[in-house]
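One chain, chain A, appears in both complexes that follow, with chain B as partner in the first and chain C in the second.
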Partner chain A sequence: MTGERSLGLLLFEMTFLVLLGPLVTGIIQKIKARIQCRQGAGVLQPYRDLAKLFRKGTVQADTASGLFRLIPVLVLAATVAAGALIPVVRAGPPSFPLGDALLLLGLLALARFLTAVGALDAGGAFGGMGASREMTLAPLVEPVLMMVVFSTAVAAGTTELGALAAQRGTSWVLAWHAADFLGFAAMLVLLPAETGRIPVDNPDTHLELTMLHEGMLLEHSGPGLGCMLLASHTRQIVTLGLVSALFFPIGPANGADAAGLLLGVGAFAAKILVLASYLALVESSYAKLRLFRVPQFLGIGFVCALTALALRIL
Partner chain B sequence: MNVDSGLNLMAACYGAGALSALLARWSGRLALSVGHLATLAGAVVGLGVSLSVLLGVPGRTLTQPLPALFPFARLSLSVDGLSAYFLLVISLVAVAAAVYGPAYLRTYSPDAGPARQATQVLALNVFVGCMAFLCCAGDAMTFLLFWEGMTLASYVLVVSDDRDGENARAGLLYMVMAHGGTALLLVAFLVLTERAGAFDFAALRAAAGDLDGTTRTTLFFLALVGFGTKAGVVPLHVWLPRAHPAAPSHVSALMSGVMLKVAIYGLLRFAFDILAPVAGPLPSSWGWTVLVVGTTSAVLGVLYALQQHDIKRLLAFHSVENIGIILIGVGLAMILWRREGVGGVLATVALTAALLHTLNHAAFKGLLFLGAGSVISRTHVRNMEELGGLARRMPWTAGLFLLGAVAISALPPLNGFVSEWLTFQALLGGAGRFHGPAGLVIVFSAAMLALTGGLAAACFAKAFGVTFLGRPRTAHAEHATEAPPSMIVGMAWLGALCVALGVAPGYAMRLLDAPTAGLLHGPGASAVVTARGPMVLSAGLTASGTAATAISMTMVTALLIALTAIAWVLRRGSRRGPPRAAPTWACGMSPTSRFDYTATAFAKPLRFVFATLYRPRREVIRETAGTPYVVRRIHYAGEVVDLAETQIYHRVQRGISSLSQSIRARSTGRIHGYIGFVLAALFVALLLFGVDQ
Partner chain C sequence: MSAETVRTIIDDLGALLLFTMILILAAGQIYRAIYAVAAQSLLIAIAAAVLATATGNTDLWVIAGITLTVKTIVLPWVLHRVVRRMNVRREVEPVIPVAATLALAVMVVVMSFHLSATLGPVNQAITGNALPVGIALTLLGVLVMATGKTALNQMVGLFASENGIFFTAMAVTQGMPLIIEIGVILDVILAVLVMAIMVLRVRSTVDADIAGLDRLKG
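After this line comes the complex of A and B, so read on.
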């Protein structure tokens, strides 16, 4: 059985997630490019974009309030704080109470709420449209996500992700119940929605017909935009990390020594890579759904999650 | 503080406040100031009384007899943990309302005559005083007297500002609904008092011990409907979104934040304390009904709130939602209480969640209503579509409203999240214990609670964004200025509560010890919910409590603050200097306020998604000039119906109308006919009831 995770390890995991986040986006872009028979930009391109943005000056809408400058900071902080709750290299609860899966979802919801508020601040129709659509889909995604969490938490008796992962042990898919398969299926439906990808959202365009999340970023510029982009990279890897913590909990890393740590990091990176290529594959093989078709798409996830929960309880 | 003298002092304060209405003969402004000062004093004394009981020796009930007003009933006051907790909730919001009130009334209606000011001062003190003493009532008679006083005083406040007929109609509906509810409560209480032969709660408790199951359950459902009407649960909520916005804003804060909670107090007192069987669990129908009603109220409340454009009406619908969330906790506690093998400590977790949400909702809903009041007092506009751009003009109000919005949307690190987290933990634990359909109901309830949280966030992104951000849409909003300091202080008090209860909720558990232990005769809240220090929340989900989930809001907040500081450094970037201002991008056109997203537009996708529940009506009329291609003007009207109103109330209304039509045919207008009816009725009554004696 794995032990407890110290504060140092938590901070290390959080930093690791933030640093790795842009790379995941880069890899997804690269895979997409290859599927489309393009060369594509290098996998490090998101880092270059961020570095460029943080060097630039800021242009701000003249109608925006003082809140507008604070929004990117708060959004980034909330998203990164959510990252601290994901067990990356080791299972087991933290050595001191910090937060559980509900708090993680709460922090992501806080980031989303603030992004929407910031989008309304500039007073353009694009920001409002993005905010409206994002806040329409969020209430549909969050309950399903929570039900997937519940479907594993009911069995384990806790919502703490590290403890959940530790309970599940290392046998992975071999020990899965039917409920796990259904829960994972629900998660596969939710992943594109939560990470803002096709078929729910299109991260590559600001076009008003397709955009949700990108529309809200339209008025941010320079370092502010950099913060928002870093936040969305982090949000993506946090969501992937949540899936891997719930369904493929931390594999071999039991020891606290450097080798164990390295092994844990490697296992995590491998899992994230698999999930990222799933996202890239889906994004390359489907068209974006009409906004009002998305609730039906999410409905599949809802049915899967509800059935998973029912199987756990009955 | 000595509780007896505290209660006397509190009565004196509210009494003096009510009497200060007489000062309006000389100066209305003086009456306003003195009256609200007295309310403030009463609320501060109330705080002292409640804290001394809550933090004092647990399980002690303090009783004080009152003057004998009636020959048949002894009136008394009795303060135990539950009373003190609700007194605390009332007093906390009353402090804010009393600080906020005078400046609000002066700025909102500067032309109000002394008569109206006197009425408002009188009614406010009677209202707050009745609520405070209602929670301290020691017998059914006192309870019902204060209950009626609370209803009447709040009615006076609702209709006190009657610029158009709308408020009077809202008040009438409120009166009818409230008294319908009170009638059921009367029946429920009188059945018990008749059996007990006395009015005090101890005697009622003893009398309830001998009831058979059917009577007990019937009485409970009478009380549930009675209290539910006051609390505004779906489908008894229709008066609420009309009456609450009509009152002055600080009274709306009291009505939404506190008066609804008094109904929750009544329900808890009646179900757990008086009516509960001496041993063994509550009948299972009670808890499940409350759980389902709570879930329905939560979801429908927030869904209807989403489609409101009147900011106070929107907030009123959110009260329906939050009462629903509280009732989920209450229902779960009823289900789990004393149930061997399933309940255990979980009932305490559920009740703790409900009570904590009661306090939390009072704090953030009070804050939001006061924030809305600041906007309204400056702009005299309640329709969000006519506002906008206020964050630059009223920064304090905007900041505090945003704080309340984050809190009510159940987002960390504020207090709304904490109580919803506890509710989720209780639901999850309950689902783990019950197998089969019962577990599914609980899980579904949890999913609906998650949906509610998400929708509330959407609703408040809309409410805050459209009201405070973007460009001002009308001259009213254009020329708004910041509210006076006393109003900001009133809001900041509640805002500080939201932060404190969110960041260090463990301390609130200490306050919840006495009510939970007293009501459930089990371990107190802090024995179950907090572990390892006051900063940590933990809820045991397994029977042994081994795999407890623990979170620390304090740690998370500290982490958030540290990360914000780091992000701020990152945000400043390498280039110094202020940001360059430029117009918002509008595809090359010069943007005007018509480019801003409106509240209707913002909520439109959700109107589509939930069209089954909204039954939206949409009417577009085009005026064309001869050819369809030249449109002179377009008239657009959209509407969302409240299903409860159309499906239940309109039908009842039609039924009553047709019944009165048929009676009308018999009413000839001749006095002889009526005398004949009376005689016939008397004759029948004597035949039926008087013959055997």
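After this line comes the complex of A and C, so read on.
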């Protein structure tokens, strides 16, 4: 139905994701502000923050090693590389061997690991605490994400996201298999954890008791911090893109020309917008969970994903 | 509706039923469990309506109506009232940690799928995954009852368990005789009402925590 995606298209998609990442964060913050009856900063605020950070100088802890300087670049590179694996404008496998959903999850895990290593390297107390917390939760989130991917991949017979989306075709919710509902439910539970939002993490705070991801960024400054922030914006849009590739693979079928491209971009933007508003709603209506309650919350996702697999296989 | 469509819809509803069951199991507060059980009953009513249109069995419409009014609206309201009247801690305090309950739930689900896969010939006559889902729902309801400390939790568990039995019966037989279904529903209503009154009365003298009952030995 859909042809292969060329290298040019892949590069375009990757750039598109990276450029759009901060906007998604801005939109989520705007929706949150509106729900709280505030005016809120403009949706372009994350771009302004990034521009400001990239103009600043860098201050580094005396105890940090040479690796510390490299960490932001490596994290950003791993996350952006993960973005290349997401089909954005249309479905279909890439025209050359690139990688599949497992590589995507692996790259995100690598970024997470490097972030934690950087936080430990700087030697700050908060960094160490944030890293330890993040690493405690990571093994609860990543296997479940894999199971969700598997539960859809079993039906399609491939783990390559573009081919998987093409296999599922332009199906809408009516064509969903029973397992898809449970898989999607698991994904909805995991989304706040993977994007570092309430009820698992709180992205707006620098209070030592509540922060996970923010704690690891404390020691970075200037362009390094900018890279880390850009990486977390990208990580968020990549995760949302993964959800839309797995569960809502609707987009124009034969979009090689400019009109098809525009339509694909529009459809993708609409899907991301819906998922972003879901995140904003969850963030506004729940309190952050105590750290020891988080495994219980993620357990819901785990059981859902496993049941989805059971429905698919047994 | 074609048989294939009905089968798909019942399968999807089964998945959603399992999801609500997981929510009941993991609920940290009794309110959430009650909402989840109400949503579950709503799904059962939808399943009954779907089967009614598919089979043309008018009894099923009656069942769907009764389920909708009694189990989705009245009984959750009664439970809510009990919670408010009791004015006690709303946190669910399970006997074993919730993580362990969830692990048990996974085992139950996998086991019930495995069990019904071995049934073979019986499976042929049944709508999709309705049998394993129904078995899993029933057993998970029992699990809720077994791990809950308070009488309220047990009510929710009984409620959920009955939903599972109902779903299985409906999907497997494509509609039991009306009199049996109404009998089952009446049983549950009576059980919940009696338990609600008991809890309210017992509450006025002792705490409605059934964990304390093990000291009551003759």
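Keep in mind that, in the parts below, the second predicted complex is superposed on the first by the 312 of 314 C-alpha atoms of A that agree within 3 Å, B and C clash if a C-alpha of one lies under 4 Å from a C-alpha of the other, contacts with A are read in each partner's own complex, and residues count from 1 in each chain.
Just so it is clear, a residue touches a chain if its C-beta (ideal position, glycine included) is under 8 Å from a C-beta of that chain, and two chains touch if they have at least 3 such contacts.
The shown structure was predicted, so the numbers you read here are calculated from the model rather than taken from an experiment.
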Open item on the list: Let's test your reading of the overlay: on chain A, do chain B and chain C clash or fit side by side?
Closed with: fit
Task: Three-chain overlay, vertex chain A: chain B-chain C angle, C-alpha, nearest 10 degrees - done: 90
TODO: Based on the superposed arrangement, let me know which partner A:38 touches: chain B (first), chain C (second), both, or neither?
DONE: neither
- [ ] Decide which partner touches more residues of chain A, taking chain B and chain C as the two options.
- [x] B
TODO: Applying the touch criterion given at the start, work out whether A:178 contacts chain B, chain C, both or neither, answering first, second, both or neither.
DONE: second
- [ ] Could you look at A:300 and tell me whether it touches chain B, chain C, both or neither (first, second, both, neither)?
- [x] second
Open item on the list: With both complexes overlaid on chain A, does A:314 touch chain B (first), chain C (second), both or neither?
Closed with: both
TODO: May I ask you to decide whether A:153 touches chain B, chain C, both, or neither, giving the answer as first, second, both or neither?
DONE: first
Open item on the list: Is A:55 touching anything from chain B or chain C once the two structures are fitted on A? First, second, both or neither.
Closed with: first
Task: Nearest-approach distance, in Å, of chain C Cα atoms to those of chain B in the combined model - done: 5
Task: Footprint overlap on chain A, where chain B in one structure and chain C in the other make contact - done: 295, 306, 310, 314
TODO: Under the touch definition given earlier, write down the residues of chain B that touch chain A in their complex.
DONE: 388-389, 391-392, 395, 398, 402, 406, 409-412, 417, 421, 424-425, 428, 431-432, 434-436, 439-440, 443-444, 446-448, 450-451, 453-455, 457-458, 460-462, 464-466, 468-471, 532, 536-538, 541-542, 547-552, 555-556, 559-560, 563-564, 566-568, 570-575, 577, 579-586, 591, 593, 595-597, 601-606, 608-609
Open item on the list: Looking at the complex, which residues from chain A come into contact with chain B?
Closed with: 54-67, 69, 72-74, 76-78, 80-81, 84, 96-100, 102-103, 106-107, 109-110, 112-113, 116-117, 119-129, 131-133, 135-136, 138-144, 146-147, 150, 153-154, 156-160, 163, 167, 218-219, 222-224, 226-227, 291-292, 295, 306, 309-310, 313-314
Open item on the list: Under the definition above, what is the set of chain A residues touching chain C in their complex?
Closed with: 176-179, 181-182, 185, 293, 295-297, 299-300, 302-304, 306-308, 310-311, 314
- [ ] Using the touch rule from the top, collect the residues of chain C that touch chain A in their complex.
- [x] 8, 11-12, 14-16, 18-19, 22-23, 25-26, 28, 98-99, 102, 105-106, 109-110, 113-114, 117, 128-129, 132
